[in-house]
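One structure follows; several queries about it will come next.
Letters A, B, C and D mark the chains as written, and numbering starts fresh at 1 in each.
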Amino acid sequence: MTNPFAARLRRNAPAWPPDAGPAANLAGFAVKRMHAVAASFRKRGEPAGRSGLAALAFVLVGAASLPVAAAPIPLIQTNGPIALEQARLMRDALLLMAIVVLPVFVLAGTFVWRYRRSRQATYRPDWSFSLPLELAIWGIPTCIVIALGFLVWTRTHSLDPYAQAGPGSVLEVQAIATDWKWVFLYPGLGVATVNELVVPADRPFRIALTSDTVMNAFFIPGLGGQIFAMAGMRTQINLRATSPAEMWGRNMQFSGNGFYGQEFRVRVVGAQGFDAWRQHARAAGGQLTRAAYGALVKQQATAPVTTYARFDPGLFDEVIAKYRTEPHR
Amino acid sequence: MWGRLSADALPVYSIVAAAAAGIAVLGVLAVIVLLTVTHRWTWLWREWLTSLNHRRIGIMYVIVALVMLLRAFIEALLIRVQQAIAYDSGGFLPTEHFAQLFTTHGSIMIFFVLMPFLTGMINVVLPLQIGARDLAFPWLNAIGLWLTTAGAALVMTSLVLGRFSTGGWSGYPNYTGAIVSPGVGPDYWIWALTLAGIGSTVAGINFIATIWKLRAPGMTLMRMPLFCWTALCTSLLIVFAFPALTVATSLLWLDRTFGFHFFTQTDGGNMMQFVNLFWLWGHPEVYILILPAFGAFSEVIATFSQKKVFGYASLVFATMAIGVLSFTVWLHHFFTMGASPNVNAFFGIMTMVIAVPTGVKVYDWLFTLYRGRLRFDTPMLYAIGFLVTFVIGGVTGVLLAIPPVDYTVHNSVFLIAHFHNMLIPGSLFGMFAAFNFWFPKAVGFRLDDAWGRRGFWFWLTGFYAAFMPLYLLGMMGMSRRLERYSHPGWQPWLVLAAFGVVLIAAGVVCQVIQLYVSWRDREALRDATGDPWDGRALEWSVASPPPEWNFAVRPRVRSRDAFHESKVEGLAYPDPGRDAYRDIFVPRNSGLAVAIGWAAYVLAFAAVWRIGWLAALGLAASVLLVIWRSFQTGTTERIPAQTLYDYDRGRREALMRLVPGGEIMHGAAASGARP
Amino acid sequence: MSREPGSPTHRRYLTGYLWALGLTLIAFAAARLGGANRTLALGVVIGAGLIQIGVHLRYFLHLGFGKSQRENLVLVLIATLLILLMVGGSVWIMFDLNRRMM
Amino acid sequence: MTAVGSAAPSMDRVDDDENGKSAFGFWVFLMSDAALFAVLFATYAVMMRGTGSGPGPAEAIGLKYAFPETLVLLTSTLTMGFAAMALHADARRSLVVWLGATLVLGAVFLALEAAEFHGMAAKGDTPQVSGFLSGFFALVGAHGLHVTAGMVWGLAMLVQGATSDLSAPVRSRLGRFALYWHFLDLIWVGIFSIVYLRGTLG
């Protein structure tokens, strides 16, 4: 059946995200993927640091379903130190947990096989306690949790989204979540975009976030990190991309009818490319005045990528202030 | 006069929704016609609806759960099919209808499937296991049932009149506030949850008082079957966690209906407080759902391994530790809200700490298998399937407990895969195991094992096929609650997930067939001894189904696995002598609880549609009915000692006949399996 | 009729009443007169409130360490622990969030 | 009695409460209710700064009503205690008098609270003004609703105390009502400390 709303969304939908099309050669893809995984195990610390995770995922899903995988997996194609650290953390945690988890599979299989009734193996119906065993099953997980806890404490602090992502001068960006698109303001550059985030490679950037609608969650899978954007409030996320790339980000918190299309393009470009983009934006784009912004928000639809040469200064703070009533008594 | 209710409320916005409404209405009509044609109304009213007997109330709880499970499962099927075909297309569901589906699916599974399922199983089993004649407060028990049923009826009503919320089962404002969602949807959600929540609280109070006060003589706490321990712990969690939900939903209702500013975006409202309150309830709720299943697994694994459970004290301690710790982890549901690293890290670490007692339980169960004599009946299959599958969910749960890792998969389908990986093997499999295990005790005949096993295998394989791809998709960045998408690479995995749900559907069909076949063959499957599995706890010492008074003479307990030990000693069915029998009192049936449930339904329905006079009527009726009850006398019925004595003598004689030679044990224990 | 120590009597209720009344008056007086030293006044109010809750539990709700009250006492202690976790955690989380969102 | 003999015979009756299961069950309910109030208190603490364009605690909250409310409720808890003593002594007339006094004091409390709320609304301080006032009215109002429910229950108990034979179920119910009433006063201690006194301290 037709869904007029969906049709409208499709008309507005930008021609991205830049995913590969359906794989022409599925078997070839699978081979390539396996090579990538194998290679990443040899080269620890390369950007392919999520290989352990990917390997686990493939085990989980089962080799039989492998050949149908045709998607580039952002968590393998991580870009930047934040995403890389997060991926390593995931891998380390998995390895630590394997110590207690793998024996479960082995023991379950062994015991089910050995002690099935028809096999008539040793039978000890009253055996129900063993101090060494009890100590082990309490002690070993406790040790692992202590190790994990140490990881959690240190990494949660080092990967705090509010902490600057590495050395260098920070590029400030402001993002406003609206129904159902993202407005990006570059206060230092004076330019603004809708549904496109352009950042220079190898330079930390900070996105200050708020929402001009319901609660949203800002997320760029390839760069790592996710944080809520809420009306009248200001959150922030600090990220960094290592090398030029095309990615996508989106709102992860359900926000109504256009939610599915609330994706934006992320372009990581070199330092020169970034200057070129800024000049291009300066020269070509229109103006995001308060009125234009108001009209954009009112539309309640997804929007194509748009660039603005300038925006009314203070727009971001005004959006926040709109929801905050200062005491007058 | 009728508030917001008008002809616009009919579901003409979507063919699928209209069809669902039609099926719901026709289903109700069909049941009414069937009952009328077969002249079953009086029977239904006298034997079931007005009953205050714990076993019957438990069975009605389970029936509510199974009916709602069918609906929620069909919704899951629709969601998966939609996502499988919705690459760059609208699929077959309008956007808003899809949002209603994921909201109702979640709300129903939690509040109207798992909660009534576990409440029902505790109802049936708990008094029998501790040697009590009923729960502490039989009438209150019926009120809990009928409030839950009223909530379920309200959700079903939303199929036909108006629309349900689109805000997800967690209903975050401001999306569910009056400005963004002015319709009746969130109000349906609020009231369904509130009614069910009050019903659950009532049940929890009842279970705690029962365990604390009505244990048989000699049944010390450390001799209680593990299912009772988990029931106790779950009840404590219910009693202390549900108030947070009640507050959250009530305040949201005040916001929506009377313009308060708790969770609004303006005028000093703070939507983060809703999220905080919701998960303040929501995390203990996870353990509320899982602990009774843990208890059931403990019973099942010991029984079908034919040996004592390993590490009883460990299991008890782990249960209580989980109970307390479950109140220290709720922030991990919103790590991404932006709390400072100290807060996030603290709650992350506490979440990992809770994994320790959970892991201990898994190992205790594993070592219960060790040197056992394993039988693989349906309940045991669910238990083994649970053990292996649950740890995968545990691993992904610990991953999610690491805040920086959570940032990369929060709100993605990885999260969906994780909590289904906890709740399906953890809670639902537990309830299926419990259902198959205790069905003969509650109803009097066993369930067909062959169809039960088929159901299990379809559920297990279907689970893996449906949810493992979601882990991968989550790592690819796929958001939850997407009704369409433009990433071609996702589609193959979503097709695989849909195939998984089709497998689960086959499992559901097997379970329906299992019920039918068992009913058809009930004479062959009858449980004549009351002890079909060579059971270990006291519930197997009484007949199946047990008489209204459960125990004519209350048993005196000397050890754990009380019934098993008495079988070993050859004293399973002792004759206490005529003098031990006294008159006892059982509660008379009462229709008032049913009436209170429906009065609450009227109140809630009127509040949803803002029909003031009707709401006042519903409220007044509820209050007056409670007062009326307090003025009633003669609410119990005396059963003379002679009746009890005759019944017990008859049962003992029947048991003698069943097993020649007067040896009235059976199963493996009787066949010389002991070394 | 033999009575457990701590079971209700008229005298006991009156004692409790006087205690509670005194603590109430102290708290109100502190709030009324405490403008100069707000922290101290607040401390007195909270302290008097906590003691008064204890007085109510002991003299009106008859909570005690006696055998017949042990079950209720255990329950109240469980409740206190969980309520402290819930309230303390909520306040910690929400104040932290508010601080970070400004 | 044989080895597997019947336990305490009293437990065989479903409708009496000699092993205290009703009183204990009611304690469990009270603790659940305490958790409900605790969550409301926490919410109030969070909302306290959400004053929007409305008044803050120091401006909106006064002790003009809170002080007499406190005294009235505290006194009613004493009369409730005396009613319980009367029940203990099987003195029906005394029971009715003290229970009646308790209810009258409860009614006075509710009247004072209604006047207070009305006065605030007349000043424009309604719950619709700000998150803070919403929190105030929800917390204090929830207590007021509990007292109202207590009045309904108390009236029913008054009738039963006056007319019935003071049977075991009636006694058990009166005992629970007393617990409930004392519990509401305990919650009020929290409210006047945290809401009113802390509020006036600014």
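Note that in this section contacts are C-beta pairs under 8 Å (C-beta built on N, C-alpha and C of every residue); 3 or more make two chains touch, one makes a residue touch a chain.
Being a predicted model, the structure only gives us computed values, none of them experimental.
> Count the C-beta contact pairs for B-C and for C-D, then tell me which is higher.
C-D
> Closest chain to the overall C-alpha centroid, by per-chain C-alpha centroid: which is it?
B
> Let me have the rounded angstrom distance from the C-alpha centre of chain B over to the C-alpha centre of chain C, please.
37
> For chain C versus chain D, what separation do you get between their C-alpha means, in angstrom?
Centre separation, chain C to chain D: 15 Å.
> Please work out the Cα centroid separation of chain A and chain C, and write it as a whole number of Å.
Centres of chain A and chain C (C-alpha means) sit 47 Å apart.
> Suppose each chain is reduced to the average of its Cα coordinates; what separation in Å results between chain B and chain D?
33
> So which bits of chain A are touching at least two other chains?
Residue numbers touching two or more other chains: 162, 230, 235, 325.
> Residues of chain D that touch two or more other chains: which are they?
20, 24, 28, 31, 35, 38-39, 46, 49, 51-54, 130
> Which chain C residues touch at least two other chains?
Those would be 71, 78-79, 82-83, 86, 90, 94, 98, 100-101.
> Which of the residues in chain C come into contact with chain D in the complex?
8-10, 13-14, 16-17, 20-21, 24, 27-28, 30-32, 34-35, 38, 41-42, 45-46, 48-49, 52-53, 56-57, 60-61, 68, 71-72, 75-76, 78-79, 82-83, 86-87, 90-91, 94-95, 98
> Which residues of chain A touch chain C in the complex?
162, 230, 233-235
> Please name which positions on chain B make contact with chain C in the complex.
Contacts found on chain B: 212, 236, 240, 244, 270, 272-273, 276-277, 280, 324, 327-328, 330-331, 337-340, 342-343.
> So in the complex, the part of chain C that touches chain B is made up of which residues?
Counting only chain C, the residues touching chain B are 71, 78-79, 81-83, 85-86, 89-90, 92-94, 96-101.
> Where on chain D is chain B touching in the complex?
By the definition above, chain D touches chain B via 1-7, 9, 11-15, 19-22, 24-25, 28-29, 31-33, 35-36, 38-40, 43, 46-47, 49-54, 127-135, 137-138, 152, 156, 160, 167, 173.
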